[in-house]
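Heads up, the next two complexes both have chain A, just with different partners, chain B and then chain C.
Right after this comes the complex of A and B.
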């Protein structure tokens, strides 16, 4: 690097950004250790009371719900995203390929709030799903889809699906199709060839997709806020409810720090859990 | 010719201060969307017509703007700030507001007592949070008192704001023989209401959507939102319970360190002009804060629009604004821990 001054120059903006992020993180850490002064914007002296207050069962439940919702979202996104990515990579027809790509990626071009409001229309008591089920005579009373974990996960899967498909498609596109052909020539049927050859070789994409979907969902705010309606809460909603809506910035900061630590812990666990799968991937 | 040149010179001298004024710019911090448009179209335009000074608007949420001004303390980003009465106290407590000299605001002579919030900020318009419901979806249920929210018919049908539980906290305290200062008296009563909640809305749009689609046919709702939805054809009824509706006042103040104080006072004076007040009230279906505003009779008779001293004193539950600023965090935390989760 010493011999590449241009590279060093290009690193400077990244280093400055990192410095900015570190400063912000340090400010949040510092705030989390300060006392809240009612009626004032100024924080008080140093204290551990904010972290002690997090020991209540309510917060443990919201932390658990955050992990569970993130896990469910990542899992369902994988189940829905894999066939889409496979079709995207293997479709022979260019028009079909383009259609899959556009349908899959288009949610990224909508804002999270717009996307979420549209889900309220779909999941509401008089929304699309309930109207169709009522008209079909399959139900007599509207199903409660809004303000439930099911509703929140459904909308979150819509948010993370494009990322998952793009990552899986990239992994699948790198698999040499001769491997599948070799498996077929040795007598393996299409299902067996997929399960024993394609699926293991696509594990790097699966790991990357699941990790990204999990991390992306972990910090979700607008979707659980609007679809959850205060009945399904994730950590970011709690930060908003208890911190920003009531100006208790020190407590909001302690929640954020705890949430960040939990996110690191979960990502580390994911990494450990993914290790055996990595061995299945290409060498 | 000489006379013509003298006249031209005199005109030039007259124009000099006018040009200087026209180059002036007042920066106003306000919420975005329809709030900004209303301030710009009703107050800002008249202010510019009267002074020649232009207005630049900084928009954002209540907390975003508060944080920004806190960071810019001493060298404010705006000259004028609009915010709610209790959040205004947070600005004032942190030394972000100038103390107002109301002798520089002639229209403040007609300011109603309830809008004199502090020596630093005064009201510009008012509204109430009260019970709004869909009679078509709540057949046979009438809401004459806040206590009616506890009726079994409301179970699983109620929504309230998730950003401010102060209305229900104070109402529960009142129904239990307490008040805002002794809100703990209402805790047990409010816990009894827990099964009635179906959801908590996060903003005005969310509230409007949930009542329009019938998801939550009963709401503790902002009167302006209810009137807006009624205007859009949603069959919604707004009631003023016998105990009164919870008053909210949006306020105006001059930022400490503003270098445009004279213009800022003129802006406040325009905001309190009776004609401007009437236009604001007619547009937002809220209450004017000056006693001499002449409202459209159709607006004046709407529930939650106060135009007489009797309405202000008998139909409004006023939570002390400073106490509300101090208690908000405690109320919010208790509400989240005991009612929402």
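Right after this comes the complex of A and C.
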């Protein structure tokens, strides 16, 4: 027990951080149960009125949209991420591998605002895509890409892709290449070897990737805020609006709590849905 | 490494798909770079004229300067505090048994799954309840909590890869625990510490959603200043500052890849 003082020194700073985080979460929980006093930042007495007020079609719509957008984003990210992760792991030369890796992870380091702004320039009515299509004579009117679910999902896929690729590549990198060689030597074609060996063995990566992509998108804010422009709303946008446009912090807090519960519920459902797939993975 | 036999057309198709997807990844950055040199205030593709003036305007813009300065202050504090707290805890986690170990670990990793707007809202309410003015302390505290999981993971991974015999050798030669820590363990951990700190700094500097909740006009960080600009104006200054951002990011990523081995940090290296 000679090193107990050292241990205390090692744990205390982190324990203080954990306490701060728990206090912040407790503040949200507590506010979600307090009454809103119009015109005041102070909250009133304890009440369940905020949660009762959540039971409106308007909020149901936002909850549904949040889940749907997260689902679409996770699905498209998987489809685009898999070939990229496969190429990253199987690329023969180092320079190529590095290039793929650096390009792939770059959106992650760009910052939400810069990235979202870039997509506004790509998707806007006089933006890149519309200008090119108009010039090529393929369309006569600019396509409405901004303020649509399509635009929001496109930009969300872009930022979620790095995470998905990292998780898929980690799984693919740890598959023993001998299994694939064995399948090939037993006469399986490359497509068959991929579908019956590589793909099933990478299921842990797929599950981790999809789960993370879903959770990550669920809490997206800047992208739906700027590209959705108030016409596509996710829970985060409503929380911000309630807090900073109407200063109804208790209601914003209850919406956050409901959002958190919904996120955990959806992740639990995903886990249950993934269970049969897990049996395909390595044991 | 023998390559799997794979018919030519299939390989070609695969590479075309990969190139198309990489194109999708870099497209926004390329478009922004073109827009930044647009001579007019209103964007058009292709631009009718070229100019550097948006760069001059962006660099001189007061809110961006203030945001950059605030961002540096917050990032320096937050990433350093997170580095110390995270590295110390990773060490405790790897080497010792203590009460509430797993609980504490779960709490410290949970900011990864709790939405940033919830964390931001929480710190905002907490600061209001404590009567703390909305100064830097709240922003720093909020950022520390958000980046700590990344430091924790990065340091923990390099601790696992460390040969415990080095420490045993030092201890058997009579070095007391704190001496082993400072002369053997910490020097061997330097790559993990640097990459953890770098990750934390990049994430803190870029953190937007939670920052939007806990900053005020006077303390706003660069991403918040950028967001306010995008909402108000549409001129290419924002594109110019985005280009600066993208170049800085590319430089840091290339640095990280060259000196720290990005593939190793991200754990995507093949097992053999």
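Note that the second predicted complex is superposed on the first by the 267 of 283 C-alpha atoms of A that agree within 3 Å, B and C clash if a C-alpha of one lies under 4 Å from a C-alpha of the other, contacts with A are read in each partner's own complex, and residues count from 1 in each chain.
Here, contacts are C-beta pairs under 8 Å (C-beta built on N, C-alpha and C of every residue); 3 or more make two chains touch, one makes a residue touch a chain.
Nothing here was measured: the structure is a model prediction, and the numbers come from that model.
Partners chain B and chain C clash in the overlay (superposition on chain A). By the document's definition of touching, of the two partners only chain B reaches A:36; chain C does not. In the superposition on chain A, contact of A:71 is made with neither chain B nor chain C.
By the touch criterion stated above, A:226 is placed in contact with chain B and with chain C alike. Applying the stated contact rule after C-alpha superposition, one finds that A:248 touches chain B and leaves chain C untouched.
In the superposed model, A:127 lies in contact with both chain B and chain C. Once the two complexes are overlaid on the shared chain, A:214 sits clear of chain B and of chain C alike. Contacts of A:117 after superposition on the shared chain: both chain B and chain C are touched. The partner that reaches more residues of chain A, of the two candidates chain B and chain C, is C. The contact surfaces that chain B and chain C form on chain A in the two complexes overlap at residues 41, 117, 120-121, 124, 126-127, 226.
Within the complex formed with chain B, the chain A residues making contact are 36, 38-42, 56, 58, 61-62, 117, 120-121, 124-127, 146-147, 225-226, 229-231, 233, 238, 241-242, 244-248, 251.
Within the complex formed with chain A, the chain C residues making contact are 1-7, 10, 14-15, 17-18, 21-22, 24-29, 31-32, 34-35, 42-46, 81-82, 84-86, 88-89, 91-92, 96, 98, 104, 107-108, 110-111, 113-119, 121-126, 128-129, 141-142, 144-145, 148, 177-178, 181, 202, 205-206, 208-209, 212-213, 223, 226-227, 230-231, 238-239, 241-242, 245-246, 249-250, 252-254, 257, 262-263, 266-272.
Those residues of chain B lying in contact with chain A across their complex are 63, 66, 70, 89-90, 93-94, 159, 162-164, 197-202, 205-206, 209-210, 213-215, 322, 325-333, 336-337, 340-341.
Interface residues of chain A, counted against chain C in their complex, comprise 2-3, 6-7, 9-11, 13-18, 20-28, 31, 41, 80, 83-84, 86-89, 92, 97-98, 100-107, 109-122, 124, 126-128, 131-132, 158, 161, 166, 169-170, 173-174, 176-177, 180-181, 184, 190-191, 193, 215, 218-219, 221-222, 226, 235-236, 239-240, 243, 249, 252-253, 256, 259-260, 263, 267.
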